[in-house]
Amino acid sequence: MKTSLRNHLKGKIVNIIRGQVVSEIEIETAAGTVASMITTHSLDHLEFKVGDSALAVVKATEVGVEKP
Amino acid sequence: MKTSLRNHLKGKIVNIIRGQVVSEIEIETAAGTVASMITTHSLDHLEFKVGDSALAVVKATEVGVEKP
Amino acid sequence: MKTSLRNHLKGKIVNIIRGQVVSEIEIETAAGTVASMITTHSLDHLEFKVGDSALAVVKATEVGVEKP
Amino acid sequence: MKTSLRNHLKGKIVNIIRGQVVSEIEIETAAGTVASMITTHSLDHLEFKVGDSALAVVKATEVGVEKP
Amino acid sequence: MKTSLRNHLKGKIVNIIRGQVVSEIEIETAAGTVASMITTHSLDHLEFKVGDSALAVVKATEVGVEKP
Amino acid sequence: MKTSLRNHLKGKIVNIIRGQVVSEIEIETAAGTVASMITTHSLDHLEFKVGDSALAVVKATEVGVEKP
């Protein structure tokens, strides 16, 4: 383990909406779709395409909890 | 749909570390364990216990993406 | 109470700037205008219009405090 | 204007829960109570007390929107 | 000290990507480039230009730690 | 590049405040001290000690900008 970030959810990219400054990536995980907002700079550098494997990464402080 | 928060991952609470001000909740989802940091105020008001069903809730802006 | 998110500020939508990927919503609350950044996906699904009632929702970990 | 942070909500500190590492501050604003999580280091340096005036500060990217 | 936000890193703006709703600002600090995502509203109000001095501001809860 | 997280600031750990649930780590970088809030779970798993090299990691959406 090399990072303090606790949450790394494996999945497959199912959608990319590329914007001028930010882009949205949707990752289909076993727990459902996870939507992410990243800089378009990162999208281009990571060269992500729909169908690629990817990890959705989230710091624990950013995760809330709700009753179903 | 009533909220702009995009990510609601269903699971079961498998661990709670109760602190004086903040508490950690781990939720076992189909995509793996999700760790959350919430106020202990919320933990007490939600009366969460290990074994309860719960949703891990995350805003899309807080989700990064990584290559496996 | 069904969520750990502590802050729900009631108000009325006074401005929407719709972008390709993200959109800004300004909510006039009794404590002043609150600016929010959400995915345009959510804006469209929530079908928000200027004049609608809305809640600005913020996790406690995301709130800083300053001296006036 | 000297900061990109969009949201500064005026109020009065009504509650402080001091922890070893993090502390919770509740600020009573005209729009209701806002709960904040800050480092105890900051709490001590700012010398905040219940009754003090304070601003709850939030970046727009951290604000979600919900239907009432 | 007037704010609970712990991190203020001095530098010079080296790049601005202006978007319709959000804009990216890159600040060259002594520790390397820091990329920031702010509302275009703020960018316009702050009248930032490449070459300006600026502070990258981050709440401690938003900072993760990794092993090199 | 394997991650969308844009900001990785190199430095040396100069202070650790270990709490029951969260811990604070201060990293001395060339641009000044960066304070981080991580879960104590991560602190223990990463086995960080004062004097260790470390990276302060921040998502661009979490970085604000201010005029000096």
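Letters are used for the chains, namely A, B, C, D, E and F, taken in the order the chains are written, and counting of residues starts over at 1 for each.
As a working rule, a residue touches a chain if its C-beta (ideal position, glycine included) is under 8 Å from a C-beta of that chain, and two chains touch if they have at least 3 such contacts.
Going by UniProt, the chains are A, B, C, D, E, F = Molybdenum-pterin-binding protein 2.
Worth saying up front: this structure is predicted, and the values here are computed from it rather than measured.
Matched by residue number, over half of the contacts between the chains of A-B recur in the interface of E-F, chosen from C-E, E-F or B-D.
Rotation angle for the C-alpha superposition of subunit B on subunit C: 180 degrees, rounded in steps of 5.
Our note on geometry: subunit C versus subunit D, Cα centroid distance of 17 Å, whole angstroms. Between subunit A and subunit D the centroid-to-centroid distance comes to 29 Å (mean Cα coordinates, whole Å).
Rounded to whole angstrom, the centroid-to-centroid distance between subunit A and subunit F, based on C-alpha atoms, equals 21 Å.
In subunit E, the residues touching two or more other chains are 2-6, 19-20, 22, 24, 35-39, 41-42, 46, 57, 59-62, 64-67. With chains as nodes and touching pairs as edges, the resulting graph is of another kind, matching none of line, ring, star or complete. A complete list of chain pairs in contact reads A-B, A-C, A-E, A-F, B-C, B-D, B-F, C-D, C-E, D-E, D-F, E-F. Note for the complex: subunit B touches subunit D at residues 2-5, 19-22, 39, 41, 59, 61. The part of subunit A that touches subunit C in the complex is made up of residues 17-20, 22-24, 35, 37, 61-62, 64-67. Subunit C meets subunit D in the complex at residues 5-11, 24-25, 27, 29-32, 34-38, 42, 46, 48, 52-68. Here subunit F touches subunit A in the complex through residues 1-6, 36-39, 41-43, 45-46, 57, 60-61, going by the rule given at the top.
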